[in-house]
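Multiple structures follow.
Both of the next two complexes hold subunit A, though its partner changes from subunit B to subunit C.
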Partner chain A sequence: MRYLFRTQYRQDIALWRHNGDRFWYGLLAVLILIAPQLLGEFYIGELGGVFIFAIAGVGLMLLVGYTGLISLGHAAFLGIGAYVNAVLLSHGVPFLLTLPAAGLFTAVCGAAIGRPTLRMSGLYLAIATLAFGSIVGTVFQKWTAVTGGFDGFAVPTPYVFGIAVESATGLYYVAGAVLAFVLWLSANLLRAPTGRAMVAIRDSEVSAQSMGIYLARYKTLAFAISAGMTGLAGALFAHYVRFLAPDSFDVLLSVQLLTIVFVGGLGSLRGAILGAVFVRLLPQFIAIVRDDLPFGIGRLPGLEPALFGLALVLVILFQPAGLNGMWLKTKAWFQAFPFKRQANFRRQKSYAKSERLK
Partner chain B sequence: MHDAARILQLIVNGAASGCIYGLIALGFVLIYKATEMVNFAQGDVMMLGGFAAFTLIAHFHLPYWVGGILAIVITAALGYALDALIIRRVIGQPQFAVVMLTLGLGFIFRAGAGIAWGYDSVGFETPFTNKTIDIGGLILGEDSVSIIAGTVLLCGVLYLFFSRTRVGVAMQAASQNQLAAYYMGIPVRTIFSLIWAISAGVACLAGILLSPISMIDVNMGSLGIKAFAAAVIGGFGSIPGSVIGGVIVGIVEQFAGYKLPAGFQEVSSNIVLLLMLFVRPQGLFAERMGKRV
Partner chain C sequence: MILFQANDLSVRFGGIRAVDSVTFEVRQGEVFAIIGPNGAGKTTIFNLISRIYNSTSGKLLLGDTDFTQTPAWRIAGLGIARTFQNIELFPNATLLQNLLIGRHYHARTNFISEMMFLPSVRKAELRHREKVEDVIAFLGLERYRDSLIANLPYGVRKVVELGRALSIEPKLLLLDEPSSGLNVEETEGMGFWIEDIKKDLGITVIMVEHDMALVNQVSDRVMALNYGKVLAMGTPQQVQSHPEVVKAYLGGEVEGAA
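What follows is the complex of A and B.
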């Protein structure tokens, strides 16, 4: 068991809590760097997909897990990022400009939708973002002059410093770099006053406001940052799928993104990554065991959304802290071995917060 | 003259589909008023109800009325079980936990229906299919009229239920103040489960009434999004408001399809919803309420 002896206030907000963190995350970084040498092309491609969804997951985690706002329309932001990137690339703009442009444009869109929805509480926000997502989805389908409609849109090959990113390995490194950047940005944001303000808003809007936090500014900011990160993920997603179909950015994708956040565990960046691993690898896992399942269960259409739904239901009912919570519990069990206490992770009794005046 | 007839036709069609939205929205509102939760799987419950009616009427050859009532009872039982077994466990968790929980349940219902009934659209014979009535020169489909009549009838029944019966008054009490209701000896939990049952039954009725004008298929639950527009216009707390909101959405949709370019019909309900939320988030009919810490 490690005891942290804090001698400076700086230690409270340090990115690395102790040398163990530095060692293990460094090891992970090295493993990620040399993974293409160890694994086959297919697995690197899948890992690239995991990275892309982890970027979107981190973005959504800032909004849902840290600011306490819900969005059922994040697939729209993913789609906006993807189309902005693809359209700019096809007009000959270099990839190193289109990627940030996609992120920035999506952030502006996020602020635009975030600003008027601020007055709404959790429920209305969920409905409003659901409606927004469905409007944007229809725009992708009908605005054929830009998106190509149902004919689809072939995404041009990106060039980074003159090197064509064509193989899965290339995209893997690009996505890995963007993910590292997004994680670094989020971790820094969360230990700065902005992140603290966001967490305060999540825990109680009224008390945050009475502490002098300007709700409208921070909620809009959270929406913009979250949408911007999702837009970056969308730009990379365009290269991942290589061919944009307008109906792929639907409610199901929004729910998948939220599954990342919920299954991973609300309020932890690690959770966003674990959730992305879960969401991306579940379909692969189904594909592998499909033929071995009894009664032809594996061949049923609609199995995948059902399993996502089931995962959501089970996590919310039995493990609200998600995969990250399971990891923390396992760690605590080993650290305290053999002195596990039943009460350590018992859920606090909580009561519904009413939004009505009675 | 021809144009006027056309517009009247659009209004009736819009009112008919709007009544369906209103009925789904009514399910949202009943549950929201009582428990401050929203059932995002309401559209999928309607789908299950429609399939239950299809099985009873088309497979077991029950008469339309018997099969319909039996399907409503079965779906209501499902709604009761849903609350008693699953939803009740997350009381006290943040509101979006319930949103995600019901969304997840919706996907499970869809897959379950796909397994049980397949992914093809089905329909069953109703007394109203392909018949028309003539009201003063205006030719109306009996299916549309049956939907409107059914909705009006249901609203009347619900009104009498909530104002005249013991259980109905207990439900009102539990919706207004859970703690006080509990102290008065009302079994609040059972009452909430009963409200879920009523809401599921109403959804099933919507599915049955819808079946002559639209086939039953696994994805009909997506109508739920349009029903949100209806509920929001009605103020998310008023039962007649949600039905009126539904009719408004239905009529707007018909006219958007008639006057505006393609694509607007599909998103018109969403645009109405967003406009409503931006301009008057408390809805047309709700009383103003402040927020407490």
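What follows is the complex of A and C.
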């Protein structure tokens, strides 16, 4: 067991709680840096995809897991980020400008959807954001002058400090850097008044208001920040797929993003990453075992969405804290070894308020 | 000196006058208790003062400031803090975070500097923490500092909610049934906190309370309500022996009853 002996208040707001944290996260960073030397191009590409979805997952986590607002329209933000980035690049704007521009523009769009839906929550908000998603999808299809419509849009190669990001490895490093940046921003926000205001809104709106929190401002802000981060992910996603088609940003993608947040574990940044790993690697896993499954199950159409749905149901029923909860429990088991406490591993039945969809 | 005034305050919900031309004033540094049977309109008055409800007519004054039209989220900024009858803490946050949310009105940093956690944000956070630690020490909550509210017993949550209200550094504290759900011992403790808040911190308190022992112990003046109307006002003894109050609680003859 590790006992933290704290003698200064600054220890409580530090990003790393102790040297153990620094060591393990440092080791992880080193592994991520040298991974392209160890793994093949295919796996690095897949990991890049995981990073991109983790960025969007962190953005959605701030909205769903921390502010308690739901969104079924985040694929639209991903799409807006992707198209803004690709269109600006094709006009010759350098990538180091188009990437933040995509994030900022998407953040403005997020504020624009956050503002009129202020009084909505739960299912009503889900439906409103779903409608927003399909409107944006239609715009992608019909505004052919900009998006190319169903002909698609070829994404130009980005240059970072004069180096072309063409290979999977290049995108892997760029996405990794953006993910680290987004995580840093989020962790900072969450240990500051804005992050606490978001948590307050999630847990009790009436008392948040009595604490001096202006709900309209913070809900709009949460939407903007969440959308902005998803827009950054979208900009990178454009390079990941290399060719934008308007129908790739549909509701299924929104559900996938939401799956990241729920399976990962609401109210945890680590959960967003674990969820992204799960959502991106499950299809790969299915592809690998597909041919070895008995009775031709592997060739059934719709196997993938069905498994996603099954995973979501199982997690919500048996592990409301998600993969992050499993991780914390496993860690607790090893820390307390051999004094396992039955209560730690009992099936959890309490739900965070945001999961109940008021 | 008069700190708070409610002038001719009324609110109607459809045909029901939940609060009917209630006028009262609270002096600086006193504990003012509102009593009355269930449904008398006590909590409704609190919701009017904290601007969760809009009053149909009447005026609310804090010092010289008229806040009858001020939005609910600015009330904390005026220096009015409140607790809730059924505890409205943030259950999935730690005690420390709950108290820090109480400091929200004092936060002067914007979200961009917060996202980068600039030195100014760090400094402000440390200052808030110091203030919050004062409250924790005042209420003796040290051992629960890092516990999630969801894991704390009811009695402790009640004290935490008091602490969160104190973190606002209010001039006026509204306590909605501070002893409800507490056992005898905890109620006694709550009585001591309220006395300390008045004497040591110099905060004026308005409380809604059913426990007459607690009302007698801490309050300077009492207002009794029934059906949204003021029945009596005065010292605890005066109000308790007032014939109208006795009738409201124990039931008297009802006019026109068969």
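Operating definition for what follows: the second predicted complex is superposed on the first by the 344 of 358 C-alpha atoms of A that agree within 3 Å, B and C clash if a C-alpha of one lies under 4 Å from a C-alpha of the other, contacts with A are read in each partner's own complex, and residues count from 1 in each chain.
Just so it is clear, a contact is a pair of C-beta atoms (placed from the backbone, for glycine too) under 8 Å apart; a residue touches a chain by one contact, two chains touch by 3 or more.
Values in this document were obtained by computation on a predicted structure and should not be read as measured data.
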Touching partner for A:142 - first (subunit B), second (subunit C), both, neither: first
Which of subunit B and subunit C A:199 touches, first, second, both or neither: second
Touched partner set for A:10, first subunit B, second subunit C, both or neither: second
Partner chain(s) touched by A:313 [first = subunit B, second = subunit C, both, neither]: first
Touched partner set for A:33, first subunit B, second subunit C, both or neither: neither
First, second, both or neither for A:185, with subunit B first and subunit C second: second
Partner chain in contact with A:126 - subunit B first, subunit C second, else both or neither: first
Contacts of A:289 with subunit B and subunit C, given as first, second, both or neither: neither
Partner chain(s) touched by A:97 [first = subunit B, second = subunit C, both, neither]: neither
More subunit A residues in contact [subunit B versus subunit C]: B
Doubly contacted subunit A residues - partners subunit C and subunit B: 204, 206-207, 350, 352-353
Subunit B residues touching subunit A - in the complex, by the definition given at the top: 32, 36, 38, 86, 89-97, 99-101, 103-108, 110-112, 114-115, 119, 176-177, 218, 222, 225, 228-229, 232, 262-263, 266-267, 270-271, 273-274, 277-278, 281, 289-293
Residue numbers on subunit A that touch subunit B, as the complex places them: 64, 68, 70, 72, 116-117, 119-124, 126-128, 130-132, 134-135, 138, 141-142, 204, 206-207, 251, 255, 258, 262, 300-303, 305-306, 308-313, 316-317, 320, 349-358
Of subunit C, residues touching subunit A in the complex: 50, 52, 71-77, 81-82, 84, 88-93, 96-97, 100-105, 107, 109, 111, 114-117, 121-122, 125-126, 129-130, 133, 150, 164, 168
In the complex, subunit A residues that touch subunit C: 9-10, 12-13, 185, 188-189, 191-197, 199-200, 202-204, 206-215, 221, 225, 267, 350, 352-353
